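Lettered A, B and C in written order, each chain numbered from 1.
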């Protein structure tokens, strides 16, 4: 066995076929250290994740890990198998959070290939995977679809039969998983930081989150390593000098987390992410960039069958070096505002007025 | 309800009146992650906070969180309500540490307005608040007075009646709260890192702490986010470009923590801060600055009514890019040495010679 | 007692004599925060340290702290006494890991001077110490020899009698300490991230670890402070401006940790470091440098007296700003490749094929 074969090179387009299931390596016990570092790296303030007492009051056994932290932990496990040779991370769909994750839980991840399509250039193709994370009791904590553009190992290899999965535009209210035991009747809005509850948000309403956050290379590297995400573009500044942007690129998930943390100012009671409907990284982000964000209320489900909480579908847009008082967006021509870096479509729970 | 109103703008001078009590948002369960990050961000080495075994030996149930970490956690909660529109943080007085804080405790904070005074320019005013932090058992862990200069929302609004609280120059020995169970008879000075105990320090003595610590932007941002302190000047490098200093300003509390950590070299047995008598941030600190520190023994209380520990009132001065062998200070003309960034007046416990 | 004497100046060459035992200060309770920060700072992915479940499966009571994290914690305690006045860290030998360290353990360290030799210039000398770390039950967790070049306080002081200890070239298989309870029969290579086990590695084989990692000043400072290592060259950017390299130097141990983390890609099943045979830091590393690494299989012990694991002696070489496809090394003339920063000789355990 040669030395070269000891080093993992990741999967190429030819290595994926519909139905292939990949059990990802590196199980991960998550701890209060992950929660603390997440706070230090993002500044998140959502009360359910910040205090055990607040979590008890809404029926949970303690403060769970932030939903997006769970997403990054699961996503991180999939990188060596799914996206080490990815040219681009094209999209997300149908993401749902299931059982909350608590300090001490151990997460593992698997992915199933659910679609494949070679590009007309013959050098790359698109791979669709449904990835899921499970805890030590084999309970599902998260599943989501993502699709990535992957290099072929050999441009001459024949194209596989195209399979494009049908993907939901958004996760319907009937498919959401709410945390077992959740009861928001005693949710304390004053302690959470805002009087605005589910009834106060109108479909179409836009909120400028005002605050800005400058990203340092040390910060996004620490976050991305915490998730054991190994994509080289985030870490290898020497090699990046010869690439397109000339520098390290911030992990898109860190941008999502910062946008979510910034959204606290205006959405403090959006206390739990329950679905990821979609997301595009419209421009790369680099160390030294300052992120801003605004959100739009896309939809509100009248009925989750309960009086304590309602769901809100949000779209949070992040920009770099451009405050969001003018709500920079993608135009009707499909061209994103040059400062726009993220368009994230997700569903949150908010307490309802008693 | 309009979108604009969803975003918190903080309180302006007109929003404060004497007697107003504010229950601050975002309860915070502190964990060993906070302690670990505090060590990583400051390099603190005081033995009581570093090792459970050392804490047991002085009668505590385990290593508590560093006093200044507790201060920052409580202070962080107050920022969105007290100092989001602050022009300047003018001073601290009468700060006392009560019940020690242990990993797993959940902290909440409240503030009461105890003084108010409009400035003659009619555009700003000074607000005095007594803030306190409590744990999940409603036990007080810290209280302190601070006063800030806050913008008026409308310069035309009438001035309130001036109330300036009487503040102690320092917290007297009879008002100090020592940790329940504390017994320093078995305090191990060798393990703590210095043979110098209470008896060895003389009033007026000055100590150059020698070591220097360069601050990176990633570090002060992580520290300040860990405390969920949201003051924008620490994070928004893009907006700061157009402001007075052209760059992000380091949270003054991080400067205090670094000065305290540097003071270990010369004050290793100043094992517990029991009071904050006062403090001024005499110059702003920026990423890239190197901090140095020196201390002066201001006072020693002969009697705490016990043979194991004595209290020492200290003044620790921090400078930037200027080692402290010459003890740079504020002159008789009231002008601070240009390199001086902090003048912190506090009271510590030290073990007494048996 | 004068103020000057309060500040620790560290030991000079004259302060060491063979047989002197130093009990180092600052006991340290290690927690999951240390493990989490180590992951965030290095990106380590070795499964035994990443997941409790994986550790249970190989007979351990939970995920221990990474071996190199334990090394840094013990090493950090020794710095104020051994190497504060060191000119150079010359080498390591005979390092062995004993009892694994778990979150909650409290570490203390002692060193015994085992050799001493004044240099011919009369201004410096070499001091050999055997340092060891113990846990709260007084069980040894690590011991190792290192030798450092230390300044004399007074060049005129007489040279001591030279004592140079006999040091092993490598730790023999019969002297290795394996973790109590270890049973790798159920070691899951898929979950660990590589199919390559002990049998697959050949003596003389070289592995390019491919990936690169850029080091930020904030990162190495946080790592080094986490270990409470106080060597000034890592932190004081202002003073370093006037020194040889003009900037802060990365703690060599952080370089070792990054090289070990990079080696995962090719050595994923080298799941436990059991010995440190030697190591040289052949060039300084600075913030902004990008590390790469390659390894060579130096030796394989056929017999540890058990069928589940075998030991492999490795040499991992790290470079800066130079990918390792060409295996840059020290030439026959004894001159290290200019990009080479580390040559680390250590012994690992790998699972054997059933």
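Assume a residue touches a chain if its C-beta (ideal position, glycine included) is under 8 Å from a C-beta of that chain, and two chains touch if they have at least 3 such contacts.
For clarity, every value in this text was computed on a predicted model and none was experimentally measured.
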Same vs different contact residues, chain B with chain C, by half of numbers used: different
Chain A on chain B, rotation in degrees - Cα superposition, rounded to nearest 5: 120
Centroid distance [mean C-alpha coordinates] between chain C and chain B, Å: 36
Residues of chain C touching at least two other chains: 31-34, 36-37, 216-219
Complex contact set, residues of chain B against chain C: 31-37, 39-43, 45, 47, 50-54, 63, 190-194, 196, 200-201, 205-214, 216-219, 265-268, 288, 290, 321, 323
Contact footprint of chain A on chain B as seen in their complex: 1, 3-4, 6-8, 23, 25-29, 31-34, 36-37, 80, 104, 106, 108, 136, 216-219, 221-223, 225-226, 228, 230, 232, 235-239, 248
